[in-house]
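Below, chain A partners chain B and then partners chain C, in two separate complexes.
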Partner chain A sequence: MSKLVAVYSDDRKLLEAADQLIAVKAPVEEVITPFVIEELLEKFHVKSNIPLLAFFYGLFGVTSVFAALYYTFVIDYPLNIGGKPNLSLTFPVLMFIGTVLITVLSTVVTFFVEAKMYPGKEPEFSYPGINDDKMVILIDKSKLTPNMESQLRDIFETTGAEKIDEYHQ
Partner chain B sequence: MKKRFVFTKKLKSISFVLMLIGLITGVLAYMGDTHRFWANILFSNYMFLLLALGAAFWMSLQYIAEAGWSSAFKRVPETIASYIVPAFVFMLALVFFGMKYVYPWANPEGHIEDFAKYPEFKEILEVKAPYLNKNFFIIRTLIFFLVWFGTIGILRKFSKKEDEDKQGALKWFEKSRFFSKVYIFAFALTFIFAGFDYLMSLEPFWYSTLFSIKELISGFFHASALIILIVYFLNKKGYFPFMNSSHWHDFSKYLFMGSILFAYAWYFQYMLIWYGNIPEEGEYYFLRRFHFSQTLFTLNIIINFMIPFLVLLPNKLAKNPKVLLIMAITILLGFVLDVYLSVFPPLVHTFAGVGEHIHPVFGLYEIGILLGFIGLFMFVFFKNLAKRKRILPVNHPYIEESLLHHNAH
Partner chain C sequence: MYKKEVRGELILGNKSYGDITRDILKSQEEKAPMWWWIAFAVFFVLMAVGLGYFVPLTIANGIGMWGNNNQVPWGWAIINFVWWIGIGHAGTAFSIFLLVFRQKWRTSINRAAEAMTVFAVLAAGLFPAIHVGRPWDEFFIFPYGPNSRGLWVNFNSPLLWDVFAIATYLTTSAIFWYIGMLPDFATVRDRSKGIKRKIFNALSFGWVGSMDKWRKFEDTLIILGGLAMPLVIAVHSIVSTDFSAGILPGWHETIFPPFFVVGAIFSGFSMVVTLMVLIRKAFKLQDYVTDDHFDAIARIITFVSLIMGSAYLIELFIAWYSANTYETYVFDENYLKGHYAIPYWLMLIFNAFLPQLFWFKKVRRNLTWIFWITIGVNIGMWLERYNIVVPPAAEDFLPANWFHYASTIVDKWVYLGTIGLFGVGVLLFIRFIPMMAMNELKQQAKRHTELEPTDVQYHAIKKLLEDE
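== the complex of A and B ==
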């Protein structure tokens, strides 16, 4: 599988190129940047379901921590601590901390699952400078129509790409 | 784009009608029940004083963070803060004429029966007398307002200078940034004592070091709700035509964050006192929960935390100005409830006598005087806003950023 690679080092030029690519409906496979460019996500209509999932993880965290506390302190081993009720007002502290822990860990796991990443995975793509300050647009060549490639190369050149390259796997 | 705020006749007459209602009910209350009259003056005036100070805190925060998006709305918190002038007048009236009706420590003669029943009360008051006495209370009130007038006045002065000075606007911005830090420091330091004096000394037998922090957080949170309400109104009238969903979203973040902060402050004081389980500390919550009203006590945390937290959680609702308006009004009603629960239970308690079961009072006097104060606040706010030549800051370094503000998502 071969890919067309355009290397940028300025995010404004990259955004300009993204506008033109969207206008010609280019098959953009991936854009790799060293920092989050939120306008890019908006332009390509990339939406994440992680915020919604995180809310449900939070709900799950609250109820499960409460259930665990209720089971230990009220049902299984009720202790008389200074005559205070077993269903204690200090529960929210532990519920809060437990909820944060459960939500964060589940969100990280979800992120790895959605990105299909796991420890020891072989890199799908690598290019010099990609871990440094370079931004890269990848285009799947197999989906290109014959005269489209020269059009895309034109776009990259006019928007000021540092380098236009091909990548073979 | 409209340049200058116009204080229309309609607004003026609304504020005058509200003030008239307040005046009439005030006079009726003074003739009918002097205790309740002064309690209401403290209740309403303290609320708007806290909102004014909280709004100045909000503005200082924008300076310190060098926030660009909010610079176009700078006039709103700045003008809300101008309410401290009438607040000073009412506090002085309270201190000079109403102190003995409201604060039990200022009126030992009125509590001779209580002292007979509970002799330790007298002892506690004698121990606290070096701090809680009339003269020192007056001096403290003067110091607080002097500090607040000074710091807020300097910020307003710099803001005016910035508008006039074309070349050196940045210099005034830098100075405002420095004095915002001074204001926050001075406000925190003085308000810890002010909260102690004005509200906590209603129950001189009780104290909590967390009380003023909770009030301070509540002031910041509810002042951002008031700012949203006013910005919504001015936007409706066409003064902020550049506003988009990004501005609303950033405003809603303050409500969302504030609701969590408020819940935290509300909970830490309650939980620590509950856990400590010392009778003289627990008395505060015991009075409110079991002798006053369990419903209102629970409603406080639901209105101020649960509703804004759940409603402002989805992205789409947080950007919707109408939802934000409803939330801002709800949260301000929550503020009325919160201050009501601070001020009224001990006062009703004193009227009723120690240990008796009491019922919440909220009648014509409370509503009328509150409406009067709302009218006064409207009048002061719009009058001061109309004084400024332009509703948008002129030479503010971040004004362009605010006009073109756009967040992704």
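== the complex of A and C ==
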């Protein structure tokens, strides 16, 4: 698969290019940056479902820890500790900690699964400097209409791309 | 919102993104300096002797090797435990509180603070583990089911909450630290060859800074931060409940949970500052850890010190106001002018009075002053835990039982061993892991140049002016 690669070293120029690419509805496959650029994510409407999932993990955590405490202390082995009730007000302490633990672990697993990351994985795309000081815009050439490539090259040139390159996978 | 005119520049020297990478990775790409080897050797010896000899000695012979006695069953072990846990709150206080409150000046310091958290909590966890006397029975703490013994663990006990709270805190802090490092591991991977590349390739999990990954990365970090923030309050409140659930005068206080949490943040911040002063000097990182950073931290330390001072006063006042003989005895006879007056007054000086020097701008911006005041706070916070743990237990309700506490050589060496563990951990961290979050620093560098026109804007403005 062949890709058009525009390399920038200034994030403001990159953002200008992004504006113009969005205006011409260019098939932008990916923009890779060495640090997060919030404005870029907003422009491309990049969203994630992690916050919503984390909320459900939290709900699962709080109910499962309560169920475990209720089972052990009320159903399975009710102890008489000075006549105190078995369904104790001390439950929320462990419910809170257990919920945090379950939510943290599940959220992190979700992050790695959704981002398709695992130890030892080779990077899906590599280009000199993309984790250092270079930002690249990737365009899937197979999705370009006939005249579009030259139009995009113009955009890259006018917005001050440092280099326009081709990448073959 | 970060206001440059109020807080000052975050990164000095007009750094480019490439400069940031080079400056931060210099410590691991160049040969280790001599001081690093000397410091590593010293801490390694402490760790090897303390943990390699005196901990097995304790396990083999029992905790009779320590200074604990019937009257003072908790000695240095719990003092050190609470002290290390307090320092361990540095990462949360710095990194997570400031992340959630969007305080951008955290950027240069958060990575080191998180590293300290992990090593400090590891050091802390050792003490309860060996204090139980028979560590091989520790699996009984975990609720793996009643089948073998016929009963469950006591979920009502603050000591059991501690096991879960600290295990969860360690897990969350370590994960938060690691996830935050993924982009920087990828930077190191791209600059390395051979075995080093392989290691950092494994560590970076194949990271590529695509938009989707950045979105997920940011969301995951803020969620972990949001969850860890109340956790830090819970952890230290629970540690304090270990004491305040007891009936001893001097322990049985409702003020303990907030008092402990604030104290933990106090000692955590101070330890971070102490180490950042050293790191800045050693690696010449004054462009990244600026005087403005220290100024901001010193202001927080002053504020927290005032809270600590107020808490000490409230304790004294309530003891007097309660008119309870035993309570008054602890504070009036024992602390203020009795057997434990020296550690008590030293604690007041180090924690409540000395940090007040930070009201002076000159002190806040002088590294020598900052270093020694924060060292003082670290000592003061250790003494505070000593004052809580030992005096109330040594002289309780029945004078016939009174028995004073003296630590043994084993106590001291186990403590030194954990200092060795912490030192070795921190030294390995600054040598092998990017010690500042490069991706976040680059984000800050971007903010710096936001107001300058780009080339396209510049030419457009120039053309407009020419046309006119």
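The rule is short, and it goes like this: the second predicted complex is superposed on the first by the 164 of 169 C-alpha atoms of A that agree within 3 Å, B and C clash if a C-alpha of one lies under 4 Å from a C-alpha of the other, contacts with A are read in each partner's own complex, and residues count from 1 in each chain.
Heads up, the rule we're going with is that contacts are C-beta pairs under 8 Å (C-beta built on N, C-alpha and C of every residue); 3 or more make two chains touch, one makes a residue touch a chain.
Computed from a prediction, not measured in an experiment: that's the story for all the values here.
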Comparing the two partners chain B and chain C, which touches a greater set of residues in chain A: C
Which superposed partner A:K143 touches (first chain B, second chain C, both, neither): neither
Partner chain in contact with A:P92 - chain B first, chain C second, else both or neither: first
First, second, both or neither for A:N131, with chain B first and chain C second: second
Partner chain in contact with A:E42 - chain B first, chain C second, else both or neither: first
Which superposed partner A:P51 touches (first chain B, second chain C, both, neither): both
Touching partner for A:G120 - first (chain B), second (chain C), both, neither: second
Touching partner for A:L101 - first (chain B), second (chain C), both, neither: second
Touching partner for A:G82 - first (chain B), second (chain C), both, neither: first
On chain A, positions contacted by chain B and by chain C: 41, 51, 84, 90, 93
Contacting residues of chain C [partner chain A, same complex]: 16-18, 21, 143, 146, 151-152, 154-156, 161, 164-165, 167-168, 171-172, 175, 179, 182-183, 186-187, 189-191, 201-220, 223-224, 227-228, 230-231, 234, 238, 439-440, 442-443, 446, 449-450, 454-456
Chain A to chain B touching residues, read off their complex: 38-39, 41-42, 51, 55, 82, 84, 89-90, 92-93
Touch list for chain B against partner chain A, complex: 267, 270-271, 274-275, 277, 313, 315, 407-409
Touching residues (chain side chain A, partner chain C) in the complex: 9-13, 16, 30-37, 40-41, 44, 46-48, 50-51, 54, 68-69, 72-73, 76-77, 79, 81, 84, 88, 90-91, 93-94, 96-98, 100-101, 103-105, 107-108, 111-112, 114-126, 128-133, 158-160
